[in-house]
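Input: a single structure, listed below in structure tokens.
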Amino acid sequence: MNPQIAGNPPVATPYFFYGLAAIMIIGGILVITRKNAVHSALALITTLLAQAALYLMLYAPFVAGVQIILYAGGIMVLFLFVIMLISIERAEKERQFNKQWLVGIAAAAALGGLFITVYTATTKGRVLFPEGRTSYVDMQNTQGIANLLFDQHGGTYMFAFEIASLLLLVAIIGAVVMAKKRI
Amino acid sequence: MTDPRSLSPLDLDTPDKTFLDANELVINMGPQHPATHGVLRVILRLDGEKVLGLECVIGYLHRGVEKIAENRTYTMFNPYVDRMDYVAAVSNGLGYCEAVERLLSVEAPPRAQYIRVILTELNRIASHQLWLGTHALDIGAITPLFYTFRDREEILKIFEKYCGARLTTHAFRIGGLQYEAYDGFERDVKNFVSFVKPKIDEYEELLTTNRIWLERTKGVGVISGKDCIALGVTGPVLRASGVKWDIRKAQPYANYKNFDFEIPTGENGDTYDRYIVRMIEMRQSLRIIEQAVEGIPEGPIMAKVPKVMKPPVGEVYHSIEAPKGELGYFIVSDGSTQPYRVRVRPPSFVNLQALDLMCRDQLVADVIAVIGTLDIVLGEVDR
Amino acid sequence: MPDEIKSPPPPPPPENEKPTADKPATPGGVKSTPSGSVQSQTTTTPTETSTPPKPAAPATPAKPAAPAAAGHPAPPKPAGPVPTPWDSPLVAKYKREYGSGINPLTHLGQNYFEVDRSLIPEILQLLRDDEKFDYCVDLTAVHYPKRERQFDVVWVLYSFSRNERIRVKTQIADGESLPSSVPLWATCNWLEREVYDMFGIKFDGHPDLKRILLPDGWKGFPLRKDYGILQQDNEWVQINLGIESGQ
Amino acid sequence: MHAMTDISTLHYLVLGAALFLLGVIGVLTRRNVVIVLMSIELILNAVNLNLVAFSRYWQSIHGPSALHGQVFAIFVITDAAAEAAVGLGILIAFFRNKETVNVDEVNLLKW
Amino acid sequence: MHALVQYIESYLSSDKTPGTAGNWFWATVYVLLVFVGLSIAVIAMNWLERKILAHMQVRLGPMRVGPHGLLQPIADALKLLLKEDIIPDGADKVVFWIAPFIVVLAAFTVFVVVPFGPTHAITDMNIGILFMLGVSSLSVLGIVTAGWASNSHYPLIGALRSSAQMVSYEVAMGLAVVSAILMTSLNESSTGTLSMIGIVEAQKAQGEWFLFKFFPLGIIAFAIFAIAMVAETNRAPFDLPEAESELTAGFHTEYSGFRWSLFFLAEYSAMIAVSSIAVTLWLGGWLRPFPNLLHGTTWDLAFSFIPGIAFLLLGAMCFYNTARMPKHPLFKIQTIGLAGFGAVLALIGLVMFLPPVRERVGDIFWFSAKVAGFMYLYIWYRGTFPRYRFDQLMKVGWKVLLPTGLALLICTALWAMRSEVWTQVVVPVGMGFADFVRRLL
């Protein structure tokens, strides 16, 4: 495996990675198997928080913060709201899996096979993504992202930023119109 | 669920049964509820948060006072009268005694009438203070309750000194008073008036300009003067809707005519106006008490009334201005020692009828505020 | 205050000997202070009274002809004031129009009409619209079991503009019904419901005539004279409150 | 495990792939629309994980300012928020008219 | 022993917070210190709230348990521990059990980044304020699941209402925070930072608290945050869900005993957390008043005495009350208790005068004093304001706070960049327009 990346102390010991990965996998399984929608929502929340921790290990604190605020604090509240408003006890009693669940599993297995072959085939001799030497200073992460997003001379994502805001505007109006009782 | 194909896609106002938009919810605000001032049960028909209509179910505190009256002599029924509107017991007693005096065509001596006026006005202030405390508590302001109850304690002390009881005082007798004013009565009342005058300003400071209080009371539970008269609503609620009518001025009794005081009226008959009207009424009562204490005449405190009174056959209707509105007694006498029929016209019972009209299209939270502003006492509603 | 005192012709209420109230079966010999007798009137034999009271619980309010405790009431004092005919421009106008059906009287300074049952809706309408009696203070009834038309129904009206209060009385028999005055004054809605609840007088045209103070299933009308002070609707109490004795 | 010195990008890719698979299974096999929407969130999370992992790899080559992966991850999160909002809006409208939440009962193009 | 003292010395002189320095031992020590301090604060807050509210309402408040009710919070805690823990039948056991922990988790993890001093914070994350807002938004999840798990109609409505309230006021809070952070980038050294310690350093560098920066804007931002934070913790005028004189009861009605006390604990720590954000962002965190105006050693010395004096004053209050305690033997224990308590406070005051302690304790004292000021504000609100109706509450949230927040953000940005805006926007546009007019004529 690749040697220690110079300059940057690892955020946490590798065991953390395996622990968090396990939490995420189990959470994911719970999300798709739970009968009660609230239980699967809670499982999804644990997965999201574990992923935020993983981001910290990948030296991306800003994305971790956004993940907690937006995903766990925003979207999941939306989900819980809707689950409670629609009060779908009746739906729990019914069959949880649709008729073609077998086809679904088969397709997923095929996709899994594809991933495995790709990963194993390419790493026979050499490392798929060899780590470089340069170190990166963690303290400047937010500023780094800001420079990238808004700075003229750095690769600017200004245009993408405006499109994203447009997308959100459309989503807001769409959701409101959709949920209104009488238009 | 109707067959989906029959619903044309544009037909969006079909009634839906989900929790999300149950279009008519019937909620029962039961007899045991912190904000219904006693055992009143209100059945609310709601559209989400808006009140479509409500129906009051009363009678939980019905003790059959009028039936008891027919089995008691006139003097024995006197204490029962205090148990109806237990918050303003003194004015109940005044109404009943004056009605029977009218039946006997007897007049209480001037000294008795002055002391009666003082005690009734003190009782009006106490009733308004209790109203303000509980009304503010319902809307969420905790502090006024403690201020008003501390000051109300002073009045109850005077009652206790005068007639031994704090709440159901049974202070008056038919024909005058039982007890002579204890020495120092005038001094206590004067001290009380000077003590409570700045305190009422304190209540005003707490609430009158409190932005959230204004928002919770302005434009809530509006009722017009015309509707008030049609529904027979009287008292501060009627005056707040702009009708300048007070029995103490319109048909003076217990020589109210030789005290001068104003009658406050409001413009748009909402909860805020009723609050202002009652605050001014408290101050006017203080003025009456001051004038009465100055002018207490000497003389007997009891008119010549036989021990076992047998009023002549006949009937009389006499009403006074109780803190909640017009409290009337319709007494029919058949010449024996016991009244043949005593009908009590309770202001709270009639005012409560207006609750449905006032709460129409308000929000659930406002129903509590409107019940508070009507100032009903269930003892009087159910009798 | 009524100045002149007339000789006391017997007024509409019945003669005085009528046993004033339905006294519970007071045990002979026991000093019948009303409150005392009420408490001691329990079904089991109360130990403290000297002679054992009749064990039968006064469940069935047989009208005991208990001798009125006060003995034969003294003859009414002659001096009592008595209703005298009342005349005023208003009364004159109505007298001309309705003649016998209306009988204006005044007693102790309070004026009232005694109106025949058939004229009631008309008179009330006129009083409200022409004479501006826009506030119906009260509506109640009085039960005279001895008379053939047993109930007196009384409206107390008040006019803000004239600052005057009058009463309108009418006599109806048991079982007869009256046109509801809710269309005239909205306040009569609950008042009529209470009169129905207490006396059993029906008002046709009332939007929702049902009991207001007593529970809906209650049988019996308490304020009638023949309804005992201790009587309850045993059946309702047994069913709803589960008290076997019904008390 | 002696070779456990450090977590390479490959570890993250495998984890992302696993999450992706779970999401796909969820979408394909579940009948409840809410769970399907949640599975889509899972898929988007898996994508995010890969992006941030690549961002670390890219940083190790082009120096600390190469945070393209993280910026892109933020855009994916905003998109997920928009998608969730509209998806739930559709769900509410759908539930109000059809009283049911099951995906396979939405078989009419126009009802 | 000497090594230990030397080790502590080495830490005290280090310039980095234990978290950033990657020092596991000190980080855990700090975590313990902060949480012990927090629980003491919550207990003190419980007593203070009841006493101050009582005195505002012309009554005495708890007097019976311990001198002047000082042991009342402990009695409450014991009662809550011993009370039976009822789980409503049909309730969702798992979710019912998890919900309070989510709320407590959200309320407590906020303190990881709260800066009590330049080096006195558990860790100084690069995304400090973002982390705090994120974690405090997690408590909404706890409340919603609590309402759902109680399996009854009214707590569900109560939960939905209070979470709707918290979500909508989070938006307003975010805007106010952004405008404060924008001010951090104006001094020459830093390029604007999210880290809490960085923000306070910026205020120190710029020589004034952000409350007074850009005169009206700072105060408006602070006002928006102050209102939003009261709504965020469901307190005072916005305490609609709990104090229910209407129909819907609060979301934690089905809870009892220990679980209910968790909600109670979470509410108070959330209050302290949100006020510490306000203090850090606008009132200059641990900076003592007038750091630049009255700087210089004499002033520093004078200000450093204040913590000691404050504690001595508290001790004096206790002794004054012991004197006034009635002489009846029944009160003997209480007088001794109060005297002891006063002695402890006086002792702490004296210790604070020792030179080594004096320098270091100043930061923590000023920060706590400011947060205590906010706590008093909370209690004062509760004493005076009636309750908002739910629709008014949402109206204030969306129609008042949000627009002002947006306008505030724009104005702060424009004002902050006024030189650049002038040179790069107004001037060229003006010139172009003048040229256009000249060509017309």
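Going in written order, the chains are labelled A, B, C, D and E, and every chain counts its residues from 1.
Heads up, the rule we're going with is that contacts are C-beta pairs under 8 Å (C-beta built on N, C-alpha and C of every residue); 3 or more make two chains touch, one makes a residue touch a chain.
Small disclaimer: the values here were computed from a predicted structure and weren't measured.
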*Treat each pair of touching chains as one step and give the shortest count from chain B to chain C.*
1
*More C-beta pairs touching across which pair, A-D or B-E?*
A-D
*Any idea how many Å lie between the Cα centroids of chain A and chain D?*
5
*Cα centroid separation between chain D and chain E, in whole Å?*
35
*asked:* Can you work out the whole-Å distance between the CA centroids of chain B and chain E?
replied: 46
*chain B-chain D separation of Cα centroids, rounded to whole Å*: 65
_Per-residue overlap in chain C, given as positions that touch at least 2 other chains_ = none
_For chain A, residues contacting two or more additional chains_ = 62, 66, 74, 85-86, 140-141, 181
*Note the residues in chain B that touch 2 or more other chains, in rising order.*
16, 18, 20-21
*Tell me, which parts of chain B touch chain C in their complex?*
58-59, 62, 64, 66-68, 70-72, 76, 102-103, 105, 107, 227, 229-233, 243, 245, 250-251, 310-317, 319, 326, 328, 330, 332, 334-338, 340-341, 343, 345, 349-350, 353, 382-383
*Using the touch rule from the top, collect the residues of chain E that touch chain B in their complex.*
53, 56-59, 237, 243, 245-247, 382-392
*asked:* Quick check on the complex: what are the chain B residues that touch chain E?
replied: 27, 29, 34-35, 49, 136-143, 145-147, 150, 206, 210, 212-213, 215-216, 363-366, 368
_chain C residues within the chain B interface of the complex_ = 1-2, 8, 11, 13-14, 16, 18, 20-21, 23, 34-35, 70, 73-74, 76-77, 79-83, 107-108, 110, 134-138, 140, 142-143, 154, 156, 160, 163, 165, 167, 185-187, 189-191, 198, 211-215, 222-223, 225, 227, 229
*Enumerate the contact residues on chain D facing chain A in the complex.*
3-15, 17-26, 28-32, 34-35, 37-39, 41-42, 45, 48-49, 52-57, 59-65, 67-68, 70-71, 73-75, 77-86, 88-93, 95-96, 100-104
